[in-house]
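Look at the two complexes coming up: chain A is in both, with chain B in one and chain C in the other.
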Partner chain A sequence: MSTAPATALAEEIRTATLEWVAELLEEPDVELQDSFLELGGHSALALQLGEYAKERFGDEYDLLVLFEKTLAEAADELTARLTAAAHPEAA
Partner chain B sequence: MSVDTDTAATGATTGAAGIGIASFGYAFGEDQDVATVAADYVDDPERVVKWGYRTFHRAAAGVTGTDLAREAAQQALDRAGLTADALDLVIVATTDMPEYSYWDAASALARELKIERTQTLWLNEGCGAGVGGLFYVASTLALRPEADTALFVVVNRVSEFHRNRMNVINTVLSDAAVAVVVRRGHDGVRWLASEQFTDPEYSDLLRLDFGGAVQPLPPIGWTAADAPSAYDQVREQFSGDPAKLRKFIGERYVRLVEVIDAAAARAGVDRGDLDHVIYLNDVPSSVAAVATPLGIPAERTNAALALDHGHMGGADQLISLGLQIERGELAPGDLVALCGISTGRWAATLIRV
Partner chain C sequence: MTLPTIAGPRTLRDDDHRVLTDVLAATVERFPDRPALTADGATYTYRRLDTWSDAVAALLAELGVGRGDRVALRMPPGAAAIASMIGIMKAGAAYVPLEVRNPPSRNQYIVSDSAVTAFLGDPAECETGPVPVVPEERITRLLAEPPVAPPAGPGPDPRDTAYIIYTSGTTGRPKGVLVPHGAAATLFAAAQGPFAFDEYDSWLLFHSIAFDFSVWEIWGPLATGARLVVLPPGTSRSPEACMHFIADEGITVLSQTPTAFSAMTSIVLRDQFALPALRYVVFGGEKLTPETVRPWAKQFGLSSPVLVNMYGVTEAAVLSTFHAVSEDDLDTDTLSIGRLLSGSARVVTDTGREAAVGEQGELWLAGPQVADGYLGRPELTAERFPTHTDGIRYYRTGDLVVPRPDGTYGYVGRADLQVKLRGHRIELSDIEVAVQAHQDIADAVVWVHTFKPGDDRLVCAYIVAEGAEDPGTRPLRAHVKELLPSYMHPSSYRALPLPHLPRTVNGKVDRAAVARTWEEERNQTR
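Showing the complex of A and B:
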């Protein structure tokens, strides 16, 4: 289970993830601990979700994480990659 | 079986150009309400309901794929005003578990239709068979100028022993058959071109490990209810390599456009000429993922119709084509791309209504 986001970017990605999943799945009550697949998500929607993320944040979700873990974990994994890319010396 | 000399000459010199679908026939399992029965198949029925399917078809116990194929075939023959002895060719595609081993579904259907002798071909592959199979109809007629009438049947009869119809892929698997009578010289619903290619890397993606020669029997206690879903198998195949998974999922759609473009080139048309796209009966967003890059809106696809039938394997595309013509959703002259994916095989056929 993911911990609370430590940065503004993490918070922003989590919030965007919830908004996008709610929109794509037409499901208003999405929560961070939900699973994309269990909400009715599938590969075509995962691609759309990834495109949204790439357009706004510059990279897509890891689909293995998106399919296997919670939305929070998918969002946080994306945050971690973006942070590492922005600060490679810290990696 | 008589052949007009001019028509035969045309067929011989220009391949199978000049063949068209003279009639459609259908057979469906009993209608089932998805929301009502989903809990019989999965522990999380709300996930299935979210896909949007309203109805699927489930054949009654004892109704075989050959039964469905015969019913569809007979309707197509009746609608064409033909009897089975007019058939020069019978091709059957089955897209779920065959009824028997050491057996031939095309021969079995020919016998059911009381045909004494004809040429047959059985295609046993995945859900693109109803699209790619038309190539074998066209190519056979092209190479046999004396033949002028073919029956092509696609049947999907789910074996619930082997498959959980609500936990294989993100569709509800459905039982149905479609038959088309294809005639040389028929001027409507004309076949223009078929194109297909295979990427063998994905040969095992939906493989069921038992039931064949390597492992004839399932493990003790195995049931379809516990069988891994396609996502489980995808996870296994791409474990630890998200980039490869991303490539695979993206390629599914990109390659459909690619194979449609190839069919269009072969037919001498452009993707911009397309009026309508029919994909397998996937969820609406997947149909859109195919149609949108082609500039085709959702109402010019099978997306809405799919939700009333579920995924009928390789029968989807021809059922949608026939029903949409009969409903007036397709008009004479419309250019339609049928497309589909089998396991690792992408296929497209262009039809001029």
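Showing the complex of A and C:
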């Protein structure tokens, strides 16, 4: 459903998102099309997830996207913000 | 025989609060030659059961058993067990039933805790100490001996304990509920209001004598001159064998837990069984849901037999409310448990005030059916049987109900099975029912697990249905998503490597044991 972003950063953020969600939720079977909320994610876990992202990529997930969309969309939204911040003239 | 109907409650009189053995004596006088008991292929008249139990009482008196004593009873369901139970009461003592299939350690605990003065039946591996043991064969032999006079002297008083039944909570040691004669006798007097029971009825003893549903099954007929029919040992495990027995014996009053009834319904519908004699099906022991009765109602309707939903606790003499299931109930989410049989009740919200109509709260029961408390546990008794500011002594049931405008109650569930998670009030059993609705799932337990402080999530442990493959997490997630809002979705699903859920002696799911097995499985896969 989502257009696969070609950049290496997008791939990296998607992979990291899956790993973190699997670890935090103790749920090995996590896919990009899953929703954080439906996997049992809640706000305390979302904060934890945000901290992981900030430490590694410099910014957090958009909580609205994380709770209402798929993990792929939450990851891609973060990628888009980071890319825009790195190339402000393109925004 | 009168048509099965359900009428309103009956006004109780002071003398309804009496002794069970006097209830039996009145029946013996009215119907001496009618069949009282069918067991192990033989039938005994009221006169015969009366003289037999007199002989048991005389034997116990010889052994030193008297008023206020307690006598352990461990026998398979049968005529000797019934005669023993009555004989113990005639001797003035309370019976303490032990489930034959219980692990010896549990029976040992009960025997020691209740300090019995005699033991009837087979103690198996249980240490009885110095108390006399009377084997079942000795009780059976009394039948062939010449009648003897019952023990002289005053019999029990309505305030004396009739039986002590042990119940387990989710935590802690089993506790013995002291049920006085008057409380139990009131149940049978009160039941004459709604039910049109008579001496032509045949009641089935389906449940273990260690489970108090059996008190209803045994004394229901003995109070009305009807016939008590004992299901042969082991038969209850096969719904098919049960249905044949019920049909062959012409059972008219059947008491069931919803779980057992569901299993029977599927057999009855599959084999197109006819049960023309059946007049009443009485539900107790678990929450009854519309799903359970719908398939039956579709085939047989709701007028003959009448399906009666009853709510009760051991601490208030077996059954406290009654409600005849109607067509309207089948379309609702929650079935009514109806109105009180006797006494009064309060519904208390979690902030401690009286619940308004339509508002949920804990059911507190008061009146002549309320038990005396827990044997040797004064603190627990004071906590669970408080005397309110109105001066009335209540039993706090731990069950959540909603008072309705017509004076009836809707049943919600156990208070300890209702959780509040991130602002949502969640009934765990509703999630369990949703998971169980998946065709490959036999049973499911859902609870809140604290993964870390602040990280509380719903988790589900389930048992895969016999012959089915484990569907795995993803299909279960999709299935539950179809049925429940997202705040009720478990975050994790885990199959337990067991053929069925661990259960307590009363047939209830042992939630603590489920959580332990779940934890073991989780640690293996981490």
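By our rule, the second predicted complex is superposed on the first by the 90 of 91 C-alpha atoms of A that agree within 3 Å, B and C clash if a C-alpha of one lies under 4 Å from a C-alpha of the other, contacts with A are read in each partner's own complex, and residues count from 1 in each chain.
Going forward, contacts are C-beta pairs under 8 Å (C-beta built on N, C-alpha and C of every residue); 3 or more make two chains touch, one makes a residue touch a chain.
Note that the structure is a prediction, hence the values are computed from the model and not measured.
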Regarding the shared-chain residue A:Glu68, is it in contact with chain B (first), chain C (second), both, or neither? first
According to the contact criterion defined above, which of chain B and chain C contacts more residues of chain A? B
Is A:Leu9 contacted by the first partner chain B, the second partner chain C, both or neither? neither
Is A:Leu82 in contact with chain B, with chain C, with both, or with neither (first, second, both, neither)? neither
According to the stated criteria, A:Ala46 is in contact with first (chain B), second (chain C), both, or neither; which is it? first
Of the partners chain B and chain C, which touch A:Glu38 in the superposed model: first, second, both, neither? both
Of the two partner chains, chain B (first) and chain C (second), which one does A:Ala22 touch, if any: first, second, both, or neither? neither
Is there a shared patch on chain A that both chain B and chain C touch, and which residues make it up? 25, 27, 37-40, 42-45
In the complex, the residues of chain A that touch chain C are 25-29, 37-45
In the complex, chain B touches chain A at residues 44, 46-51, 170, 231, 234-235, 238-240, 242, 245-246, 249-250, 252-253, 282-283, 285-286, 288-289
Seen from chain A, its contact residues with chain B in the complex are 24-25, 27, 37-40, 42-48, 50, 60, 62-65, 67-68
Touching residues on chain C, where the partner in the complex is chain A: 422, 451, 454-455, 457-458, 472-474, 477, 481, 486, 489-492, 522, 525-526
